[in-house]
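As written, the chains take the letters A, B, C and D, and residue 1 is the first residue of each chain.
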Amino acid sequence: MRFTGIFAALTTPFAPDGSLALDKLRENIAAYNRTRLSGYVVAGSTGESVLLAFREIVRIWETARESAAPGKLLIAGAGVETTAETILRARKAAELDYDAVLIKTPHYFKPVLTPAALERHYLSVADASPLPVLIYSIPQYTGVSLAAELVAHLAEHPNIVGIKESSGNVQLVAEIVHLCPPEFSTLVGSASTLFPALMLPVAGGVLALACFLPQAAVEIYEAARAGDTARASRLQFAIFTASRKIAGDLGPVGVKYAMDCVGYYGGDPRLPLLPLTDAQKKTVESVLAESIARQRVESLGVAR
Amino acid sequence: MRFTGIFAALTTPFAPDGSLALDKLRENIAAYNRTRLSGYVVAGSTGESVLLAFREIVRIWETARESAAPGKLLIAGAGVETTAETILRARKAAELDYDAVLIKTPHYFKPVLTPAALERHYLSVADASPLPVLIYSIPQYTGVSLAAELVAHLAEHPNIVGIKESSGNVQLVAEIVHLCPPEFSTLVGSASTLFPALMLPVAGGVLALACFLPQAAVEIYEAARAGDTARASRLQFAIFTASRKIAGDLGPVGVKYAMDCVGYYGGDPRLPLLPLTDAQKKTVESVLAESIARQRVESLGVAR
Amino acid sequence: MRFTGIFAALTTPFAPDGSLALDKLRENIAAYNRTRLSGYVVAGSTGESVLLAFREIVRIWETARESAAPGKLLIAGAGVETTAETILRARKAAELDYDAVLIKTPHYFKPVLTPAALERHYLSVADASPLPVLIYSIPQYTGVSLAAELVAHLAEHPNIVGIKESSGNVQLVAEIVHLCPPEFSTLVGSASTLFPALMLPVAGGVLALACFLPQAAVEIYEAARAGDTARASRLQFAIFTASRKIAGDLGPVGVKYAMDCVGYYGGDPRLPLLPLTDAQKKTVESVLAESIARQRVESLGVAR
Amino acid sequence: MRFTGIFAALTTPFAPDGSLALDKLRENIAAYNRTRLSGYVVAGSTGESVLLAFREIVRIWETARESAAPGKLLIAGAGVETTAETILRARKAAELDYDAVLIKTPHYFKPVLTPAALERHYLSVADASPLPVLIYSIPQYTGVSLAAELVAHLAEHPNIVGIKESSGNVQLVAEIVHLCPPEFSTLVGSASTLFPALMLPVAGGVLALACFLPQAAVEIYEAARAGDTARASRLQFAIFTASRKIAGDLGPVGVKYAMDCVGYYGGDPRLPLLPLTDAQKKTVESVLAESIARQRVESLGVAR
C-alpha cells in the first residue's frame, strides 16, 4: 500500500485580480515540504478545480511538481464529468510525472448515473490512465454516493489503488476497509473523523485541514500508528472543531482564511464563492486559536 | 413577457465515434421548425452541455442559429460553475445573435453557495450579459434549490427576465408566479406538471419531451390558453407517463432513444452516460406508443 | 364518488389546564355548519391526534357527531402504528355512525415499512373496517411516501374509496388521479396547491386552512367546478401565503392561532408543541389580514 | 458515569396469537443474565414499543424487573409523543424500580419540533421524572436529529445523565462527547460503529445486536477498554455485517429471527411489521454464520 499517511488537499492561490498566484503556491509547498506530510493533492475540490480552466490546472500541476520535495507524493485532481476528458487529464498528469490521479464521481446526471454507469466510468479511466487511480467520493458536493460493494468491485482492477472517502460516514468507511484487499489505500477526506477512522484502520487522510494545521494532522496519524490511542484521541479533540467549523462549514474559503491566519498564503476564492464575512472570519480566528492552544497543551504534556 | 409557449430543450447528436453530428442537429431543427414551438434551448442539460467542451458548444450554437426558422427564439445554455466563465459564454451567445441565455445555478460547493452567493452570481452575470438572463433551477441534478423569495428579488434586475423551474414542485412554481411581476416569464422544465402549472398561470415550458412529442406539448399549451381546460387535461394525461418514464427517469439518454423511435435523430450519449439497456428501450417504446395512441383519440375526438 | 368538496381538518380545543374543551369544539362546528363545507375530519393530524389518549378521541368523535349538521360528512382519524389497534378504532368510529375512516401510513419503522408491509396494513384494515377507508399520506410528518402505483393497487379494494394526499406534490397527485378509477376520491391535504390540483381534476381537499378560512376554500372549489378558472386562480392567490405560512410552516399551532384571530376558538396546543412566539403571532396576523383583504376584493369584483 | 458497557435493547416476544409471551421474555433475560451485559433497555424501539398498549408495556417492565439478575441495570423505554404522557410513564417506571428512562425525541410534528420545543420537552420530563433521563435520538426512525449543541445544553440538567445516539454518525457522536461533561454517558445505538466510537471514547452501547450476539458485543467493549485495539478491531469486523444487514436493514424483525437462529426466543413481530421472507431469512442465516465463524477464529487466536 503506497498511499499512506496525511496528504494536504492544496488550495489554489489567486492574485487580487483573480489570476493564478503560482509564486504563492510555490511558497506554501516549500513550507509544507518541511513537515511530515506524505504528499499533496493538487487541483482537487479544495483547489477550486471546478472553477479553473484546464490550462490553468496544468500550470498549477507543473508548479507543484517543481516545488514538491523529493519523497512527497503528488496526486492530481483529474476527474471531470466526461469520461474521455478525464482520461486526457490523467495522461497529462502522467506526463508531468505525478504519482496518481484522483477521480471524483461524475455527478450532474444523478438519476442515470447508476452503479453500472459509475463502474463503466472508473474502469474506462483505469484502463486508459498511465497513472494509478484513486477513487474520490464526496457526496456532500456531488450528491452521488458510492456503496462499499461497488468500491470493492472496482478495487479488483489492478490500476485502481485506493479511495479518498470524504462523506464523513465512518460506518461506510469501515465497510470499505472490510471489503477491500489490504493493499487498497482507503484515505478519509474529513479530519473530523480521522482518529476513529485510523482505528478501523484506514491508510490515512487527504485533508483540507492539513493546509493550515499540517503538523496536528500528522501527529494524530503518528500517534494512532504508534498505538498511543489516548494521545491520538486528545489530539483529535484539539482539531475537531476546526475541522468541522472551518473546512466543513466554510469549504475552501474558510481553509484559505485559516491559512492566512497562520502564515501561509490563502487569499480570496473565485466567484461565485464569496470571501468570508467579518463574522465568519471571527469564527475562524477563535476556533483556530482554541485548536492551537489545545495542541500546545498536549505537546507540552508529552514533552514533560 | 417575451418568452412564452413551448420551447424544446434540444439534445446534442453525436456520431458513432463520439464527435458532434451537426448535420443531424440541422435536420432535427428543420423538422421542429415546422411545429408551433416557440423556440429552442441550445446546449442545456438535455443537450449534455456538461459533457461538451466550450469549442463544441460554440459550434452547436452556430449550427442552431443557422438552422432555426425566423421567429423561433434561441436560448443558449451558458451557465457554468465559474461566474467569470459564465459571463464569457453569455457574450459569445450574444455575438451569435441569441435571444437569451439560460444560467443554471452553480452547485459544486453546495454548503457555501448560500442565497447571498447565488444572488451575487446572478447579478454579476445579469450586469455583464448583453443578453437577457433566464434563471435555471434544476435541483434534481444540482442539489441546489432557489427559494421563491430569492427569485422574486432577482426578478427586480432589468436583465433577468424569467426562470426555467425544473423541480416539478408546483407549489414552489405557484409561489414564484405569485411573487414575481407579470412580465417575468416563469417556464416549467417538466412536462409532467405542464397543465396544472399553466393554470397558475405560467408563461410556458422548456421541455425535453418536446424533442420527441413537440406537437403534444404545444397542444396542451394552446388548449390551456384557449380556456379549454378539459381538453388540456386530457392531453396532459396522454403525455404524463412519457414525461415521467422517459424524460424524468432516463434523462437525455431516454429522450434520444424516444427521438429515434419517432423519426428524429437521437443517437447515443457520451460516456459516462450509458446507452439504454434493452429493457429500458422496451419501456420507452411501449410508453411512447401508449402516449401517441391517447393523443390520437383526443385529436380524433376534436376532429369529429 | 362520495367524498367531494372541501372538508375541514378540525383542531382539538383544549382548556387552559390542558383538558379537552368539548364545548368549544361544539361551537366551532356549529359555525362551520353554516358554511358549504362538505364535512369534517375529526381527530386527524391537525386535531393533534398523536397527542391524545384514545378515550379522549372517542369523546371528541362523539361531540363532533352530535354537533355536525345533517348532510355534513364525518371522517374519523383512526390510523395508528399497529394494524390491530387501527381496526379497533375503525370499529369504534362505525359505532358512532361516522362516514369513513382516515388511515395514515404507519411510519415508525420506516426502513422495513416496505410497499408490501403498507399494502398488508391497508388491506387488513379495509377488510375489517365496517366503514369505507380513506388512505392518508403525509410524508412531511411521517417520512413515508406512497407511490402512485401502490395507491392504484389499493384502490382496487372495494372498501378503499379515496386518499388524502398531503405531500403537496402535484405531480404525484396527477399520477394517482391518472392511475385510479374515476370513483376513487383523491383529496389534497394542502390548500397551497388546491386550485392546480382541482384542474387535474381531484375530488376536493381536506384542509387545515378550512378551519380559519372555510369560505375561501369552498369558493376556490366552486369556481373551479363551475369552470371559472380565472376566478379560482385569483382566489387561490388570495389564500396561498396563508396556507404556506400558517398551516404549512406552523402546523396545528398556527392554525389554532389563526382561528382565534377570526372568531373561532383555537387555543393552545399540547406540549411538546409550543404556543406561538410573539413574532410568529404577528406573522399570522399580517398574512391573514392580507389574505382576507384579497378575498374581499375578489368577492366585490364578482358582486359588481 | 453510571451507564457504561453494553446494554441489550430487548425484543418483545409475542405468542402466535399476537399476545405477549412473557414467559419467553423471562427465559431470554435469564440467558442474558449469564453474560457480562451491563443491563437491558426494556420496551424501546427494538421492543416494538410503538406497537404496544401502555398496559402491555407495564407488564413487560414488571417481567423484566423480576427476571433481571442483581447488578444488571434496567432502562425503561418511556418516551412518547406527548410530554405529559411521557412523564406518567417515567413515574410508572420509577415505581417499578428501574434505573433510568430512555426518552426518544417526539417527532410527528417535525416542522414545528424546533430545538426550543425539544428542549422544553426534555427539561419538562427531566424535572418531573423520579428517574434519571437518557436522551434517545434515532433519526432513521423519527426523522428528527438532535444537534450536539442541544445535547450539551440538556446535559447541564442534573437529571439528564446520558444519550443513546443511534444515528450511526460517528462525527456527531464525537462532537457530543467533545461538548458534554465527562460524567455524561454517551451510548451508541448501532453496533456497526461500536469500536470506532469506543475510541472517542463513548461510554458504551445500547445494541439490538446484543440480543443475538451479546458475547461478541461485550468482547469488543472489553478489548477496547483494555487497550487491545487490534483485537477490538478484529472483533468489530466479525460483527460488522451482522449489525448492518440484520439489525440495520431488517430492524426488530431481523433481530428476532437471528435470536431464533442462535437459541433465544425471537418469534414474529406485530403487524404492520411483516415476518421475514425466505430470502431474508437466508441472508440472516448466512451473515450470522459468517459472523460467528469469525469470532471463533478470533477467540481461538486469543486462547493460543
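To be clear about the criterion, a residue touches a chain if its C-beta (ideal position, glycine included) is under 8 Å from a C-beta of that chain, and two chains touch if they have at least 3 such contacts.
None of the values given here were measured: they were computed from a predicted structure.
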| item | value |
| --- | --- |
| Graph separation of chain A and chain D (steps between touching chains) | 1 |
| Chains in simultaneous contact with chain B and chain C | none |
| Same-site or different-site touching of chain C by its copy chain D, using the half cut | same |
| Option in C-D, B-C or A-B whose residue-number contact pairs overlap A-D by over half | B-C |
| Euclidean distance of C-alpha centroids - chain C vs chain D, Å | 36 |
| Chain centre separation (chain A, chain C; CA means) in Å | 50 |
| Numbers and ranges of chain A residues touching at least 2 other chains | none |
| Inter-chain touch pairs (all) | A-B, A-D, B-C, C-D |
| Chain C-facing residues of chain D, complex | 18, 45, 50-53, 81-85, 106, 108-114, 116-118, 120-121, 124, 140-143, 248-253, 270-274 |
| In the complex, chain A residues that touch chain D | 168-171, 174-175, 178, 190, 192-193, 195-197, 199-201, 227, 229, 233, 236-237, 240-241, 244 |
